[in-house]
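Next come two complexes built around subunit A: one with subunit B, the other with subunit C.
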Partner chain A sequence: MDVSFALTGKGYVLVAADTTAARSIVKMKGDEDKIKSLGPHLLMAYSGEPGDTVNFAEYIERNIRLYQIRNLYPLRPPSAASWIRRSLADSLRSRSPYSVNLLLGGYDTSTYTPHLYWIDYLGTMATVPFAAHGYGSYFALSLLDRYHDPEAPLEEGLATLKRCIDEVSKRLVVAPGKYKVKVVDKDGIREVEL
Partner chain B sequence: MARRYDSRTTIFSPEGRLYQIEYAMEAISHAGTVLGVLAKDGVVLAAEKKVTGKLLDMSGAREGGYGGSGEKIFLLNSNVISGVAGIAADANSLVNYARTAAQRHLFLYNEDIPVEMLTQRLCDLKQGYTQFGGLRPFGVSLLYAGYDPHYAFQLYHSDPSGNYSGWKATCIGANNGTAQSLLKQEYKDEIDVEEAVGLVLRVMSKTMDSTTLGSEKLEFATLTLDPATKQPKAKIYKPSEIDALLKKHDLGKKDEDTEMKTT
Partner chain C sequence: MSIMEYNGGSVIAMVGKNCVAVASDLRLGNQALTVATNFEKVFPITDRIYLGMSGLATDVTTLRETFRYRVNMYTIKEERDIEPEAFAHLVSSTLYERRFGPFFIEPVIAGLSKTSSGAFRPYIAGADLIGCLNFAKDFVVAGTASEKMFGVAEGLWEPDLEPEDLFETISQTLLNSVDRDAYSGWGAIVHVITPEQVITRTLKARMD
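Entry: the complex of A and B
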């Protein structure tokens, strides 16, 4: 039931995910953070099988951190995305695969460009200007098609994101009530209020 | 028992020295000179070939195969070239290791290996041979000229002990002291590739034992950015191109030098 969105703009990537932790029809928690900071300029929103998600996200987080400690500089977003995709693809072909879907947003401090990757549990990866996972994607992608502008300033990006969230609230029967929104740009990662 | 402390790499002498490593470095200081200069828009490498002779079959080197034609300059990855000084067989083994390490990085991260990381990989291997028993260290020093998005163009040097360091211009092999003092005098910050090529050839012609430079004694390579794709582009010169370059810089063979010309 998780819903997550992400979109790029001029020098930033916005990542949003709902904050509900549910089991069957019961909402267990309303303030769960499903967006991990993997580095000073890298965000990952995760959704999928409860349990798998947190386990996999922590595995990724710690390995990316280890790379940073070992090699003096962090992985750049395209390389991190490739490595995470491979981890999922390897996991899919193991005895106990993770079923986790990811949105990976990062800002490359060596080329000064924002990057966004859509990755699913099968190890599919796509470089995209905007992306969504879960039921929300059925409503949001058409809106993003219409309103997304890769050169938009942060306020416009947030307005587009708000449109998506509002549409999901209006049309989806099991719409989540609250979202957490994070932005990554040249200054790093911060949380924003809608 | 005067030679108690120099027969094995793993044993310190009472003065705290590791003789085998010092001997390895000594072996390198007799090898052909390799010179590297870092410019703001590229890196230049040149190497002196020691194995020459009239009867040596150089037909393989004429065309230049993948990864260089010679014995001293190699392509390690699409963004790194290296010049080696020391025991050629050891160098071949290290070059093979470096190429494998670079491809492994490409496989895992879908990016060219950063230059310093490749240097570290090789140094980890070289360090191992100074510590574990029964083996001699690699008798090879390398210069790595490379490009990556983190620090743009870079030039590194590594020695048999596993130490490495970054340089603006440096030299390994025979006469490296002379070459380094020449480089110290002539190097300017903000030098570009065109000037660096001239500087390298000039220093090379002064430090090499032979009187005239020619493609049979010299290997040459540059690493620049392709203006169209903005990707690093390594160019290892073919013998004919080296001769043309020497002629352009007025360091090539003069006609009267050529033997048997008049007869």
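Entry: the complex of A and C
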């Protein structure tokens, strides 16, 4: 039932994920952060099978951190995305595959470009201007087709994101109530209020 | 729900006079939902060989990485570029390695092979998901629009097409086939390989 969105703009990537932790029909928690910072300029929203998600996200987080400690510089977004995709693809054909879907947003500080990757639990990776996972994708993608502008300033990007969230709240029966929104740009990662 | 149709997508290759062409659509979907419209399924292997892969997108990416690795190792060991015939068998054995738990892709290989006289001979081949090679003299197709492509190609293709005419033939075949297939389309990319150069063009298509 998780819903997550992400979109790129002029020099930034916005990543949003709902904050509910549910089990069956019961809402266990309303302020769960499902977006991890994997480095100074890399964000990962994760959703999927409860248990798998946090375990996999922590595994990725620590390995990306290990790379940074060993090499004294962080992995750039395309390389990080490739490695994460490969981890999921290898996991898919293992005894116990991870059921985790990801949105990976990053800002490349050497080319000054924002990057966004859509990755699913099979290890399918797509480089996209905007993306969504979960039931929200059925509503948000068509909206983003119409309103997304890769050259939009942050305020416009946030307004577009708000549109998606409002549409999901209006039309989706099991719509989540609260979202956490993070942005990554040249200055690093920060949380923003909608 | 077939796993081969999960992401959608189509690939085709054709033989011309002293040239070959290979093309794919650009759609990546999750069943009926389109996720990306920039997903290329054809990759350069050497200057003269291109490999197209249709089927499960995760395996397309994984196998592209596998083939890049194996062709690099071949090039280092042999100190020469791999020939299309050898590469086709490399593809075949890589797929057959997973005989009882296959990669869900159908590859299409297009290239020019060097003859003993130093001239180039066009070469295309296709295979099924476990690596059974199909050497065709005219064209090979794969993917969710393969039935349609068989029909259109059968009508449009003729022997000894020059590069520009071959480009037109393969483009029209692919475009008209994917327009009748809900799981393929959203733009296309075409590579025409000639002894001198590779001409790559992205095609505008119906975006629905």
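In this section, the second predicted complex is superposed on the first by the 194 of 194 C-alpha atoms of A that agree within 3 Å, B and C clash if a C-alpha of one lies under 4 Å from a C-alpha of the other, contacts with A are read in each partner's own complex, and residues count from 1 in each chain.
In this section, a contact is a pair of C-beta atoms (placed from the backbone, for glycine too) under 8 Å apart; a residue touches a chain by one contact, two chains touch by 3 or more.
None of the values given here were measured: they were computed from a predicted structure.
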More residues of subunit A are touched by which partner: subunit B or subunit C? C
Is A:111 touching the first partner subunit B, the second partner subunit C, both, or neither of them? first
Which holds for A:92: it touches subunit B only (first), subunit C only (second), both, or neither? second
Just subunit B (first), just subunit C (second), both, or neither: which does A:28 touch? neither
After lining up the shared chain so the two structures overlap, which partner does A:79 touch, if you call subunit B first and subunit C second: first, second, both or neither? first
Touch test for A:124: subunit B only (first), subunit C only (second), both, or neither? second
Give one of first, second, both or neither to describe whether A:66 is in contact with subunit B, with subunit C, with both, or with none. neither
Have a look at where A:137 lands relative to subunit B and subunit C in the superposition and call it first, second, both or neither. second
Across the two complexes, what residues of subunit A are contacted by subunit B and by subunit C? 86
For the subunit C and subunit A complex, residues of the former touching the latter: 7, 28, 30, 33-36, 38-39, 56-58, 61-62, 65, 101
Give the list of subunit A residues in touch with subunit B in this complex. 71-73, 75-76, 78-80, 82-83, 86, 108, 110-111
In the complex of these two chains, what residues of subunit A are touching subunit C? 85-86, 88-89, 92-93, 118, 120, 122-128, 131, 137-138, 141
Of all residues in subunit B, which touch subunit A in the complex? 108-111, 114, 116-117, 149-150
